[in-house]
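You will see two complexes here that share chain A, one where it goes with chain B and one where it goes with chain C.
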Partner chain A sequence: MTGVSFDFAGVLTGQPGQWLLSGFLMTIYVTVVGALLATLLAVLLLGLRIAPLAPARGLAIALVELFRNTPILVQFLFWYFAAYNLLPRSFRDYITAEHPWAVLPVGNVLLAPEFIAAAWGLGVFTAAFLAEELRAGLNAMPRGQKEAALSQGFGHWETLRFVLLPQALANSWQPLVTQYLNLMKLSSLASAISLAELTYQVRQVESYNAHAFEAFAVGTVLYLLLGLVLGQLLIVFGPKPVGARARRRAVKANRSATAAAIVGASGDA
Partner chain B sequence: MFPSPVPLTRRHLLSAAAGLFALAAGLAPAAAADQLADIKAAGTLRVATFDSNPPFGSIDPSTYNLVGYDVDFAKAIAQALGVKLQLVSTNPANRIPLLQSGKVELIVADLTITPERAQVLDFSIPYFETGLELLVPASSSDALSSFATARIGAVKGTTGEQALKARFPGSRVLSYDDIPTALAALRNGSVDAIAQDSTILAGLLAEAPDRAKFKILPDRLSREIIGIGLAKGQPALLAKVNEILVGLEKDGQAKAIYDKWFGPGTKFASPRSFTIGVTN
Partner chain C sequence: MPDFSVITQNLPYLLWGRALEGQPGGLLLTLIMSLEAGVLALVVGVLLALAAWLSGGWTRRILFAWADFIRGIPLIFVIFWLYFLLPSLFGVNLPDTITVVLAIAWFTSAAVMYSTLAGLEALPKGQVEAGLSAGFSRTKVLVNILLPQALPNVLPSLVGVFISLIKDTSLAFIVNVPELTTVAGQVNNRTQIYPTEIFLFTGAVYFLLCGALSLTVHLAGGRRARPA
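Here is the complex of A and B:
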């Protein structure tokens, strides 16, 4: 032994434990709100991107390129320090006032400039990637799907909603899950705009009692757990590729038939 | 022939204790004597000051002399005593051991008066005061109490957050990576105030292009009271140092020294919130 000892109780109990729990929950809150925002904005972006109007397509292309080619840290700083400043003073005063109804356990304030800027920043950034993944899913589809829908009298947004999107979602679900997991991990950068999420609290524990190793280890494990659970939930409850269930059933039937045949064959020997 | 082992008797123990006592007394040679008389007899006052802690004590890059707020006070005290000044440069960790080992008679080195330190040394009356202050928009209230439930910016890794929470449990503290980032949050109204040490805030405000939009609240969140440290059991020296400090306040020298290092136009400009000899 080199005399190194670890004191995990020093970061999991008392005030540090409270901070880590609060930070963990804040990471979950901002991930959920950010993911919902990202999904809505991605559908909007995709609708513009495949619209028959050239200016609408141009706008979508410009937004996607802007948000996916600039660092999210810079975007956070922009939303929090620059864009927030452009809001009317009375609105900003309302946001920074105390709102007991917007406080979730453990003491995490959602109606605050930090949370709004972080969730919005994560939503916009991730929407650019989601829209492109969805477009890849659309492109994998036969052109006839869209033509058939339009010829049936569906409008542009209805075609997207009822015909194209369900298939595109199923086609591109795996890379979409990756983007949602990225969103969760990128929320750690919001500690730079003082969002009291897990990374912020880990650093606070570190400067409070100098338990650097323990604090960062616990933080890492919590992120890993959250990522694994979130990934599994998205896979289990997400859309399955078109025809996947039928294919799986066929594979299963085929396998058991083969196994039966092998058993039968070895039984004969 | 070897001496046979002698069993330890009470006499041996007593003489050993006496020897240890003499040794201890020798390590603290000035403890018993009247240091004020010794200083006058020697014609030299030895003072511990910082050599790398501006504006309290640092080395002037052009003259290589020690300069600073504390250095000027040490000079003024030596002058009032009518003796030569010998400065012993030190750092925060070494200043008290220097005094305890009898190498200096006074510590004039930004030494905060605390109950723990008062157990091992005596303090003069305060000659400086600092503490946590709030920087707020110029249009805000001047009352500290109106920020009790405010959103207050602090800097990660500093003690400001804990001090803030102790004083105002209802406040919402937001920590930023550094002080300019905290100022940016104050500028756009994300926080109502930022909390920092008064000298740091003064330096920050001096450099800000939009300094007219902000002000530092007159009342402090926490107070750090700075005194001169001297060995315990020296009533004559303590009384003399206190008398000199009050004298420096009366004849304006103390204020002149303050203005030289913390007055308007200096890098650490900050209003003087205390008067030596007046407890508030």
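Here is the complex of A and C:
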């Protein structure tokens, strides 16, 4: 590649620079909304998965297996091209109308079909993985915890909310962080349903001024950086394992925690 | 009401594309790409794990840094990079299908390396000591004693990695390689009014493929392990 000179100013300033900034922010927005949605749905799935009612458990197993064993890209296409158009006309009209409050800095519109399909798709897909990690955390807990709570008069959901979930969350935080980081990386595939996030904008810059190397390099660095920062934030502010033995284990694990979380190793798509 | 006649009418195209004209597509191409990338990722990943086990210090650190880097960026960027780098390395444009297979294999080999290495390091230390004291070299111990035991142990997690790989081949959609997801998108563009039927069918095919694999592992007694 002799004779090739790099022109990073060509992608970091002017129109391309604005596109990349806007795409980077969009990636953050869709990651945050998708992660919140995923967390909520995962708790619902987990509640169904450990419910006393067999049909509820069956439903949860079916949903988890369905979302884990199909590519997220096909799920995106389904939500965007099929499911969204099955929504009531009035709702879709409301979404496509102008909403100044839903426009975030650099003009990113959140109340748009692309954003809704992407955030929902990321949320549902990741929820299936989060629910399985949480269940593994629950299974690692002594049965007595649940029995004690139930005998104290807690209901099914209360036991889950106040007794089991806080411990499961702390015990399986490391693999959960991996899943959240995977969600962030998977948001790159929302470019296939025209969400103008970072990957979409990198390709736009590439076709605008053919600065392929520079655009890919900037995109790569931004994803790595976002993964590092997000992973570090989630581990520093996340719940700490319960109990003395778990704490000792955590101290040992923490040394390589962020690196391991970023690698994730999972990378399921 | 769903009208699945769009599926029956396009079934040959969805299942094998233009295979009769010598250009396999659809599900057939998904299977071909998965097998090619899977074999490549397995070979490279196991070799990397062996290298990481045998070497200490910097070599090991570089291997891990490489694997962490590749898993730290979205797979689609690995595909973009290969599109950009391969022509300048080989001087010719490789077929798109090959580029995507190489990218997915490269990406997946990192997960294979982690799984295999975990399997090697989970074996009792005495195995190495016994092998060494019996006069085997470290390489011999690794290849003849440890690896044959580690591979069956990590098989469930390798199948998990392979399931992810099958799903990852759908990314070929973004660069227009005509595997299952891409041809489904083409049929959707052509017919316009059957997205529900088309993408439900596509999802069902992947589900049968990946679900069957994950069920096999489950029935064989291993749980579907989290890759690495």
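In the analysis below, the second predicted complex is superposed on the first by the 242 of 269 C-alpha atoms of A that agree within 3 Å, B and C clash if a C-alpha of one lies under 4 Å from a C-alpha of the other, contacts with A are read in each partner's own complex, and residues count from 1 in each chain.
The rule is simple: a contact is a pair of C-beta atoms (placed from the backbone, for glycine too) under 8 Å apart; a residue touches a chain by one contact, two chains touch by 3 or more.
Since the structure is predicted, the reported quantities are computational estimates derived from the model, not experimental observations.
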item	value
Which superposed partner A:Trp19 touches (first chain B, second chain C, both, neither)	neither
Contacts of A:Ser188 with chain B and chain C, given as first, second, both or neither	second
Touched partner set for A:Tyr200, first chain B, second chain C, both or neither	first
Contacts of A:Phe81 with chain B and chain C, given as first, second, both or neither	both
Contacts of A:Tyr180 with chain B and chain C, given as first, second, both or neither	neither
First (chain B), second (chain C), both or neither touched by A:Arg89	first
Contact breadth on chain A, by residue count: chain C or chain B	C
Touched partner set for A:Tyr29, first chain B, second chain C, both or neither	neither
Touched partner set for A:Pro71, first chain B, second chain C, both or neither	second
First, second, both or neither for A:Phe115, with chain B first and chain C second	neither
Chain B and chain C contact sites that coincide on chain A, given as residue numbers	81-82, 85, 192
Of all residues in chain C, those that touch chain A in their complex	67-69, 71-77, 80-81, 84, 88, 107, 110-111, 114, 163-164, 167-168, 170-171, 173-174, 181, 184-185, 188, 195-196, 198-200, 202-203, 206-207, 210-211, 214, 226-228
Chain B to chain A touching residues, read off their complex	149, 151, 153, 156-157, 161-162, 172, 174-177, 181, 184-185, 187-190, 192
Complex contacts: residues of chain A adjacent to chain C	1, 65-66, 68-75, 77-78, 81-83, 85-86, 175, 185-186, 188-189, 191-192, 199, 202, 212-213, 216, 219-220, 223-224, 227, 259, 262-269
Residue numbers on chain A that touch chain B, as the complex places them	80-82, 84-85, 89, 92-93, 96, 98, 109, 112-114, 192, 194, 196, 200, 203-204, 207-208
